[in-house]
């Protein structure tokens, strides 16, 4: 935990810096902020609010990603013990990855990685 | 001293932003309030001396909350809370459950007679975690692998409208997939 | 296997780190501007390019801020401010010479966690403006994240695997005899590609693309734009500089001091990244996602396997 | 010491310019681009990132209104430069720079901020109904319980079942549900793209319906009733009118036209380096530089674009109406090659068949039809690959009548 000390201080420094830049700009800016400017779409005012139920075409990719990503949780600690545990650790991890890659290959064939 | 201050700040942030999840109207803000709560909890885990777990919690939660924001906004009406309408189902009930759980846990924590720590934690926790994961039972990882494989297959089956027969024809003989939008490979 | 912070720089380096990064970043902007001027056939000269970052900074600092109708200002501004802070926090574990500002036991994981904040940041900036073009830009970046993140993680893990440690200084120490780029060229390339994609720098700049009139950044002006654009540059510099301790032996090298070698190596990598941007059109994620998942992920896994076998062989 | 004023002066040396191109005044747009390049002033992507608004030409009433809206979107410090056919560009830009550096003026300019959201938002509301007749959704269709007792009384939301009678911020309604090719019912967002976008055909407005970032419906129009006679076809017209025009004259203009189209296409594909080069050689060709000077570098450029595997991979299989984006690009490069070969041809233009130098002509309706089903980035590529000189149906009929 002690080693996170500098990181905590750095976080504070970073936040203070951003606040300082904003403060400096408030002091230097040629004019106060405009409020309620129309959103830009090419010059005509928007006819509808852009906030909407946004249909992402890649939602299957997110699901496959989340499943695959879980594995990273195990892989980071795994890197530390390969020398100690030896061949079984390597076999185990890459069998595990092979199973997941088979899942990815399946998803690819089904077109889940495309903008359907 | 510094640890105490950090603990209280992170704890208060975690609870307040968790509470904000119930108070905000915008799906986007709700999701990121939840993320703020998780990040504060990750900080608390780091404070407990579990560096790897804390950092990896932050890593996973950022990814997952962004994905969750995408889905929340895709399916929930009024995603930005522009209309003054409530998007909650059974708000009172869920609020009662969460506040109640919080109270029970907090009281439990305060009333429990915690044992005094004897000895010191192992110096390299991430290493110990790796040993525990890899230690002897291959079964754990294999079960997990097959479970995740099943998850991938199931989500693909459930979420894609068009399968390989739609793309390559009934005999899967088409040289190129027929998709509404092209892709990078094949 | 000790958990102390034996290698960390003294605490007074903490406020110096942002200053150092900002100076380096300004230099990188100037080099990029010089390259752009050359392509246009303009004769701006080195001095002319060198003042460009200053002029841009001045311009955005005095510029008026704006808020669009019904904008989600909270997420919008937090998103913009997250970018530079995340870059700064990620830089904490990069050794400036032989020692980083914070020598975390799980430094690689920390680095990964900080840079992934860009996902949330860019999406929030794209969302906040309540503008169709900027919204599409924000979503494009999430799609991009889904494509680059796994090869990126595998590249990080491969370097950690070869060193048997997640601590960045240990990874550097493990390269005393042989730079990792020699035994893991695929991981090195995958890392650079994903580092560029993470900073949504070209050719992976669809999220702020010209075709969307600036995408996620389309509605930002004044200091908001300064913080966002500056954060993006910082992220690029930090992500690319991290390749030096991971794959290029950190500060190792003859004649120069360690910090000199880090600067030389990082400078060379940054220059090549700036140059590559001019070689390719913007890569859209509807194309790249499949390539990343079907080509890059298996390749990086194979690379990790090779390195694992090397590690096993060494252990025997 | 006036720090703000000093910073303004520092910044004013390198303003970012947003160009509003007027249909039919291509020559002015090119002159403006050239002047900006000469000064090393970057071209802004959007009003938020710009300090200088350049209106290249004399806009008609519709485009003038758009220029006003865009001007209101520009944050201070800002200056506006209107150039017409006889303007001294250099002097106009110098004046713009002075205006940007003038702290007193900049503070005064913004002292009275325009009401940025005028009734225009309401009048433009018709677009929602014109296009893709708003889907028949009602409150019940949303499957969400709404709390009763909202503020009512704003009649302008008729047709938007879900939001009826609810006061929306800015008086703008929210998107409503629409059918989707995936069988989902999610929001269909109406967006007007153009006429002020980077590398966008002058005066073109595309009213698109977006679901996510896919264009599910589109409608195109050209502001102020069309582009008028094309700048690029000018030597042709003179030849048609009986003036002595050589093949070289026609080919030179055609080569510049295709270089311009190429530059804009590469600009949208964000391949900045060759795009900058194409622009540079376009200006050189227009300035009448001899073939010996421009031939080789332009051919190098063509080869570089043709050989780029990345570009081929990126535009592979992107449909653009009857053909594909890749086909349009190949046709443009072929026409450019043909034009290069004829740059010094002294024969009279009327004696030679010059159709090989021609450009694809498309009507607004045809353009809109080509975009339906495309992802937004692909749609932008299609528009840029066509880079149409758009004619209104009336003009189109007239030109057919001539043949």
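Labels for the chains are A, B, C and D, by order of writing; each one numbers its residues from 1.
The rule is simple: a residue touches a chain if its C-beta (ideal position, glycine included) is under 8 Å from a C-beta of that chain, and two chains touch if they have at least 3 such contacts.
Everything numeric here is computed off the predicted structure, so don't read it as measured data.
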item: Dominant chain pairing [most C-beta pairs in contact]; value: A-C
item: Distance from subunit D to subunit C - Cα centre to Cα centre, in angstrom; value: 33
item: Rounded Å distance, subunit B centre to subunit C centre (Cα mean); value: 25
item: Approximate Å spacing (C-alpha centroids) for the pair subunit A, subunit C; value: 13
item: Subunit B, residues touching no fewer than two other chains; value: 51-52, 56, 63, 67, 70, 74-75, 77, 80, 82, 124, 126-127, 161, 180-186
item: In subunit C, residues with contacts to at least two other chains; value: 3, 61-66, 69-70, 72, 104-106, 109-110, 127, 130, 132-133, 139, 142, 149, 166, 213, 218-219, 222, 286-287, 289-290, 294
item: Interface hub residues of subunit A, defined as touching at least two other chains; value: 3-5, 28-32, 34, 36-38, 40-42, 46, 49-57, 62, 64-65, 68-69, 76, 79-80, 93, 104, 107-108, 113-116
item: Chain contact topology (line, ring, star, complete or other); value: complete
item: In the complex, subunit D residues that touch subunit C; value: 4, 7-8, 10-11, 13-16, 37-38, 40, 45-46, 48-49, 51, 73, 75-77, 110, 116-117, 168-170, 172, 189, 191, 197-199, 210, 212-213, 266-273, 276-277, 279-280, 308, 310-311, 313-314, 375-378, 380-381
item: Contact footprint of subunit B on subunit A as seen in their complex; value: 1, 3-5, 8, 49, 51-57, 59-60, 62-71, 73-74, 76-81, 84-85, 88-89, 92-93, 95-96, 99-100, 102-104, 106-116
item: Residues of subunit B touching subunit C in the complex; value: 26, 28-29, 32, 35, 51-52, 55-56, 58-59, 62-63, 65-67, 69-70, 80, 82, 123-124, 126-127, 181-186
item: Subunit B residues touching subunit D - in the complex, by the definition given at the top; value: 74-75, 77-78, 82-87, 89, 161, 180-182, 184
item: Interfacial residue positions of subunit B with respect to subunit A in the complex; value: 2-3, 6, 46-49, 51-52, 56, 60, 63-64, 67, 70-71, 73-77, 79-80, 82, 124, 126-127, 129-131, 133-135, 138, 141-142, 144-146, 148-149, 151-153, 155-157, 159-164, 166-167, 177, 179-183, 185-186
